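Just so it is clear, A, B, C and D label the chains in written order, and each chain counts residues from 1 on its own.
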């Protein structure tokens, strides 16, 4: 029942070339920094990454892009990344753009054992091309399929050795949805505690969804848009 | 002619007490600065927050607390965090009363294009397609014409569509428009702007009925 | 923004004869005792109640059954209620039995703006009669529609005046799902606090889903099966 | 012939370390009393709890803390609460490794009937249809014959179906059976029970290959 692994290297050691991965985070907020660093070090190639964003040039998934480890990004927004743009234009990198809510719900659907969901997002747009539509109560919806992922890698604030997770503030974002969506789910946490230290009422991701957990180190938590008021 | 802040201020007058509101990036964000007195609205940020507060003081900055524009923010008493699926769930379920966003083009049937320019690097639609497809009430804040001087209020969008028939109201530097079955219905003119000028700069069907009042700017 | 009403009477005053209601709770655990009492007192008739259970003879929805206020129950299990059985056999009461997970997910679907969901529960059984089926990855699923309810009545542990709710232990059950599912959602809580007193990270139901809230009184919290160890 | 506790004990031998398990009402509940040493399993209660503990002491009873059988229970270190949708979500997603439940009838193709007897008051299926349709591995704990002495291991269920082709294994007072493409495959006999007796009491197709070992009872 102890799901603890020593560190990121051990957690990701069986992630294989060509794997499909979900990576939690919104922008650079709540991203699994330790696992990304370990994947860069390991040099795993041809990865398909389901992640809302693709990081920036020198942080987050951008670090994996620099090493040409990513074959395909499935994201809603890939704005701030020059290397991404270069690889995309050169044909080296594939990208599939998906509305943010659809992305989130397709991850969640997997964790809820629902093979597909209906959403109005993208109806009448190029996102709908080739997709099945259906009208309910006069409104048109797209049928969108649950995601299959070999691995989900998430970042939480606190976790226990049974894999129960609690996220902090808006660093929650896609993390609990992806935690539910992986065949193997790896969680890195800032604080790893013994069972019983977390209030069962406050758990965001029940441990049943989590296969490996470790205490991450040296979180940089880079800020994309530091905006302050006087 | 309205400046960006005046457009935001005019949109803020559409807010009602108790509204839950999602504000897009750009001019829409400025709406938060002009919430009328006596009106309490709750801002939703689609990355997982209800009750978005102002930007933090330097010593309050928390990298784990950002808005959908990835800016550092704060919470307010009564805030709640949630995941991205529930966030778009509440949007799809029509619980968000008003969405304000920018656009490159709006058609006179309410179609909107605001995510992609052919030939330019695509950054992605983010949450825009979910928001426009789901929100009960969508107000677009935008410039009336593009940099080339061409109308952005069109018969038909030329850019890739974000959503079909979804825009309810538009506020530009020139005026306020409802999207009706008959096209853009001019409701108010910006100070000093003539109906003639608005007609000239609107490519889509424009409905002008009776006297069009000039907007009060305070 | 203040959603506080004085008491249950005020909270339910516009619930009309023939209304469709969701009522939170599993068995007698986490049921909206105050609102049920107020509905009994008001005497509202011909109600359709979406609730996992139907209470017992003299508690929970059983109290409404005694007063012949319920036209139809939509539940997964209606076991322990003699009056229920009498009304059902006499044709006075309609009942629609739905698998528990389907019931929960159909409530949730409403709150997520999803018009329908797919579930394998009930495939090949009488539950599937007249329903659309679809095969995904070799497995057959039923298409089940989101519930429409005029009112959802839920019971939470703590709530604030913005309608944010926190449930306790297994008294959570259907409550957050139904809280999301009502056109009008009424929450009764054991502790009602000012905004800012609840940790935004620990909210189970964000206030956007809740229209009215009040502090309930005199909770009996009857136990159906008190089972103790020595 | 096994008694109820022995049936539960035999099923407990199917548990593996780290398993998440959902135990139905009746004999299945007793399985929790026989979890083998060195094996750690987490019990899921479909009303919203992972990590179900034992019944509470008199002074620990909490009406807000019950199991799916509506009995008062306790939590364990590492427990988590969640709502009913997520609870059945994790079941549908195949995250629960093993479900043990009772049955009125099982067919030799794995069909199960355990929720309704025509002519009797229907209490409802509760979570049974969700569990049987979704669980990866389902073991049925039941008596081999009904009160009238008729086999409950059938060619075809006569009672209303709960789920089609879902049962993987059956433990009765007479033996242990896998459900295979060829029917019920006898794996073990209860002490003192002959293959002959099992054949006589099994209406469905029974596969008996080679020597059938007698179960070890400790």
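Here is the rule we go by: a residue touches a chain if its C-beta (ideal position, glycine included) is under 8 Å from a C-beta of that chain, and two chains touch if they have at least 3 such contacts.
These numbers come from a predicted model, not from an experiment.
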| item | value |
| --- | --- |
| Common touching chains of chain D and chain C | A |
| Centroid distance [mean C-alpha coordinates] between chain C and chain B, Å | 36 |
| Chain B-chain D separation of Cα centroids, rounded to whole Å | 56 |
| Between chain C and chain A, distance of the C-alpha-averaged centres to the nearest whole Å | 33 |
| Chain B residues counted as touching two or more neighbouring chains | 49, 75, 81-82, 85, 89, 91-92, 134 |
| Touching two or more other chains - residue numbers and ranges from chain A | 105, 112-114, 119-120, 167-169, 200-201 |
| All touching chain pairs, where touch follows the definition stated at the start | A-B, A-C, A-D, B-C, C-D |
| Residues on chain A engaged by chain B in the complex (per definition of touch) | 26-30, 52, 75-79, 85, 88-89, 97, 99-105, 107-108, 119-127, 157, 167-177, 204, 221-230 |
| Sites on chain C touched by chain B in the complex | 1, 110-114, 160-162, 164, 180, 194-196, 200-201, 203, 206-209 |
| Of chain D, residues touching chain C in the complex | 45-49, 54-58, 61-67, 69-73, 75, 81-85, 87-89, 91-92, 111, 121-130, 133-134, 160-164 |
| Contact set on chain B toward chain C in their complex | 17-18, 20, 40, 42, 44, 49-51, 75-82, 85-86, 89-96, 134 |
| Touching residues on chain C, where the partner in the complex is chain A | 105, 112-120, 136-137, 139, 141, 145, 166-169, 200-202 |
